[in-house]
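Two complexes follow with chain A in common, the first pairing it with chain B and the second with chain C.
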Partner chain A sequence: MDIDILKEYIPLYKEALILTLKIGWQGIFLSLILGLIGAAILHFKVPVLKTITGIYIEIFRNTPLLVQLFFIYFALPKVGIQITAETCGVLGLGLLGGAYMIETFRSGLESIPTIQTESALSLGMTNGQTFYHVILPQAVSVSVPGLLANVIFLLKETSVFSTISLMDLMFTAKDLIGMYAKTIECLFLLVVFYLIMLLPVSLLGAIIERRARYGQFGD
Partner chain B sequence: MKNTFVKRLTSGLLVTGLLAASLTGCGGASDKAAGDDTTAQAAGSNAGYRTLDEIKESGTINIGVFSDKSPFGYVDENGEYAGYDVYFAERIGEDLGVDINYVSTEAANRIEYLQTGKVDIILANFTVTEERAQEVDFALPYMNVALGVVSPDDAVVESLDDLGADDEVIVISGTTAETYLTKNYPDIKLQKYDAYAEAKTAFENGNGVAWANDNTEVIAFAIENEGYTVGIPSLGDQDTIAPAVTKGNETLLTWLNDEIKTLGGEQFFHADYEETLLDTYGADYEDELVVEQ
Partner chain C sequence: MSELLKVTHLQKKFGDNVVLKDINLTVKKGEVVVIIGPSGCGKSTFLRCLNGLEEIQDGVIVVDGLPVEAGKREITKLRQKIGMVFQSYELFPHKTVLENIILAPLKVQKRSKEEAIKEALELLDKVGLVEKKDYYPRQLSGGQKQRVAIVRALLMHPDILLFDEVTAALDPEMVHEVLETMLALAKAGSTMLIVTHEMSFARAIADRVIFLDKGDIVEEANDVKGFFTEPKTERAKRFLKTFAYE
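Then we have the complex of A and B:
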């Protein structure tokens, strides 16, 4: 392995890391919002919206991100909707992640026994208060491990962005190999940079998990 | 090569203690898999490639071609590989007396496929460049090529100096167009795709102001698609296209060179042009494109 080449490539990988994180976090933020809204809709069994949410989940969980990106980026312009590559990346990640997040939040909500709701209501709390102060905190605490798994999954899914010309980590590595054929260096940096991106997320996740679960388990 | 790779990998790992456990596991596993692979493919092969005799003995040659670059290497309506490169590949198979296993490649992984022994020959419109010649061995050329830039009729790009700061030029990752623009026009924003089909669709969708590629490819695109003009028909140096083999595969290289010389005697590549390229380019480009030894 040639150290000079590593040094030469590191700035390019840094740039790719920043782009990956930028799109990744925007997509994850979008997916969390979608997840909360969708889970609330399913929890309160809102008519019509409930069915739409169900269809959305099935479509996006059962098609690969690659296919979704292809559709958003290459097919929509054919009907006159032009979207930049970055927006497309955020949308694709957000929509895919949203479907997973809804299910994770929902499993959290459903894990809270109905006796909690009944007790809160009998104490005179309104429906809204019950949901916000009693159900949601416990549900989020149960969902945390699943949510973190989703976050890491979504950050890794960014590796298919090359099809829509986004210079993410994976594409940067492939591109450099194609141009200069320094395979070992490029792949080594690729692994290192993915770890740089994801290890802190895992560690941070462990801390958040302990915090979030303190309310529920006191430990 | 495998061994030094593992050695280097492990020495690098000592520095990053955290990665050590996961990566040595990885290196070991891939090493084993590669070992299995070579035994399955060709008994006792040299580092990553098969010699001429080994290919003949196995009865099959693996040739890397494009599957989406009409009219050079593509899959036709019957699902068969066809095109200028494939026409030549067929002849190689015939003269070697072996079956051909076509392996579809993308521009960016052509060198990889040779280095890892996934293919014996790359016949995927591979332009000869200095950088590539350090990684693979090129045989004698069979075609000429330069770079070209195509753009829509209503905004023809005739010089790269005219491009605005926000204008993006579409290129395909791993092509000479990408390397040339990166080196000579570092300020031009490039929109990179990893396959021809995607670059084409993106260009048709209006995602970039122009598309830079081999001039053969952009000329073909402008002829086949209404509303596009090749504003810059020739950019940079005239290059040649040649078959490539894994670095050090002398026997196969020598055979290929002899084959290309023999074929030159019968004007094979002119026949190839007339069979595969005439419909697209007409007779005007024949002498410009074809190289015979």
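Then we have the complex of A and C:
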């Protein structure tokens, strides 16, 4: 392995990392919002919206992100909707992630016994207050491991962004290999940069998990 | 004394299964009514109907002149008049003792935080738990949790308190501390409806006893001591016998 080549490539990887993180976190943010809304819809069994949410989950969980990205990036312009590659990435990741996040939040919500709801209701709280103050905080703390797994999964899924010409880590590596054929150096940097991106998430997650479960386990 | 709770011809069914047949009950202000009966007789379901946690199929429940109707928007207002304490405490595990107690007064009654905290601490002091105010529920014993749950219901200033087998999950020693708290409430003039299996406690606290079996009021006694020594119905006699050991 050639150290000089590594040094030369690192700035390019850095740029790619920043782009990947930018799109990744925007997508994850979108997926968390979709997840919360969808889970609330399922929790309250809102008519019609409940069915729509169910269909949405099945479509996005059962098709590859690559196919979803192609659809958004290449098919939508045909019906007159133009979006940039970056928006497409955020949208694709957010929609895919949303389907997973809904299920994760939902399982958290379901794990809270009904009598907790009844206890809050019997204090005169409305359904909304009960959900927001009593059920959701407990459900989120139960969901943290699942949410974290989703976040890591989504950040890794960003590797398919290269197919819609987003200069993410994967794209950069493939590009450099194609141009200069320094395969080993490029792949080595690729692994290192994915680890740089994801290891802190895992560590941060462990801390959040402990904090979120304060009420149950910590002291 | 004025009528606080009036139940007429209440019927409750789960599918085809009739749980409460035709319940009629009036509770006056300041009265302590104890409901006893074998497991599955519908005692807990009856309490749950009273604050609209269960829908009823027939009859009318009126609290302080207002009808209790499950699923209606007004029910949240009415529930503030009806405090309920559960067998399993149901404190909110992610909130401290103090947060548990002041949550509803702040969010539902929109009271000021200082005032709610002040009264919460006074009430906690009365039940001997003021130094536990920043503890989480899991750090408390069962008896302590149950006393916090009672304080939480009290801070809403309810007109009537419902107790659903509040000592059934507790060790004998802790049962005592919870019952003491309830006795103090009764002495202070609270209106209470209590479902319990503690017969000697029922005898000590009740102004009136209702004996429920198979969804029906089998016996209603204003003479509480009389009921426990010499019940009028055969069914109540057999039930009370199961508590006596020779």
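Here, the second predicted complex is superposed on the first by the 216 of 219 C-alpha atoms of A that agree within 3 Å, B and C clash if a C-alpha of one lies under 4 Å from a C-alpha of the other, contacts with A are read in each partner's own complex, and residues count from 1 in each chain.
As a convention for this text, a residue touches a chain if its C-beta (ideal position, glycine included) is under 8 Å from a C-beta of that chain, and two chains touch if they have at least 3 such contacts.
Computed from a prediction, not measured in an experiment: that's the story for all the values here.
In the superposition on chain A, A:Glu110 contacts neither chain B nor chain C. Using the contact criterion defined above for the overlaid structures, shared-chain residue A:Lys174 touches chain B, although it does not reach chain C.
Looking at the shared chain after the overlay, A:Lys78 reaches chain B, while chain C stays out of its contact range.
Of the two partner chains placed by the overlay, neither chain B nor chain C lies in contact with A:Glu209. Once the two complexes are laid over each other on the shared chain, residue contacts for A:Ser162 go to chain B alone; chain C is not touched. In the superposition on chain A, A:Phe188 makes contact with chain B only, while chain C stays out of contact range. With both structures placed on the common chain, the touch criterion links A:Glu86 to neither chain B nor chain C.
Applying the stated touch rule to the two superposed structures, the chain B and chain C interfaces on chain A have no residue in common. Every residue of chain A that touches chain B in the complex is listed here, in rising order: 1, 73-74, 77-78, 82, 85, 162-163, 165, 167, 171, 174-175, 177-181, 183-184, 188, 191-192, 195, 199. Those residues of chain A that touch chain C in the complex are listed here as 115-116, 118-126, 129, 133-134, 137-138, 141, 214-216, 219. Contact residues of chain B toward chain A in the complex are 5, 8-9, 12, 16, 18-19, 23, 107-109, 111-112, 115, 131-132, 134-135, 170, 173-175, 178-179, 182, 191-195, 198, 201-202, 205-207. On chain C, the positions that touch chain A within their shared complex are 48, 51, 53, 76-77, 79-80, 82-84, 86, 88, 90, 92-95, 103-104, 107-109, 136-139, 152-153, 156.
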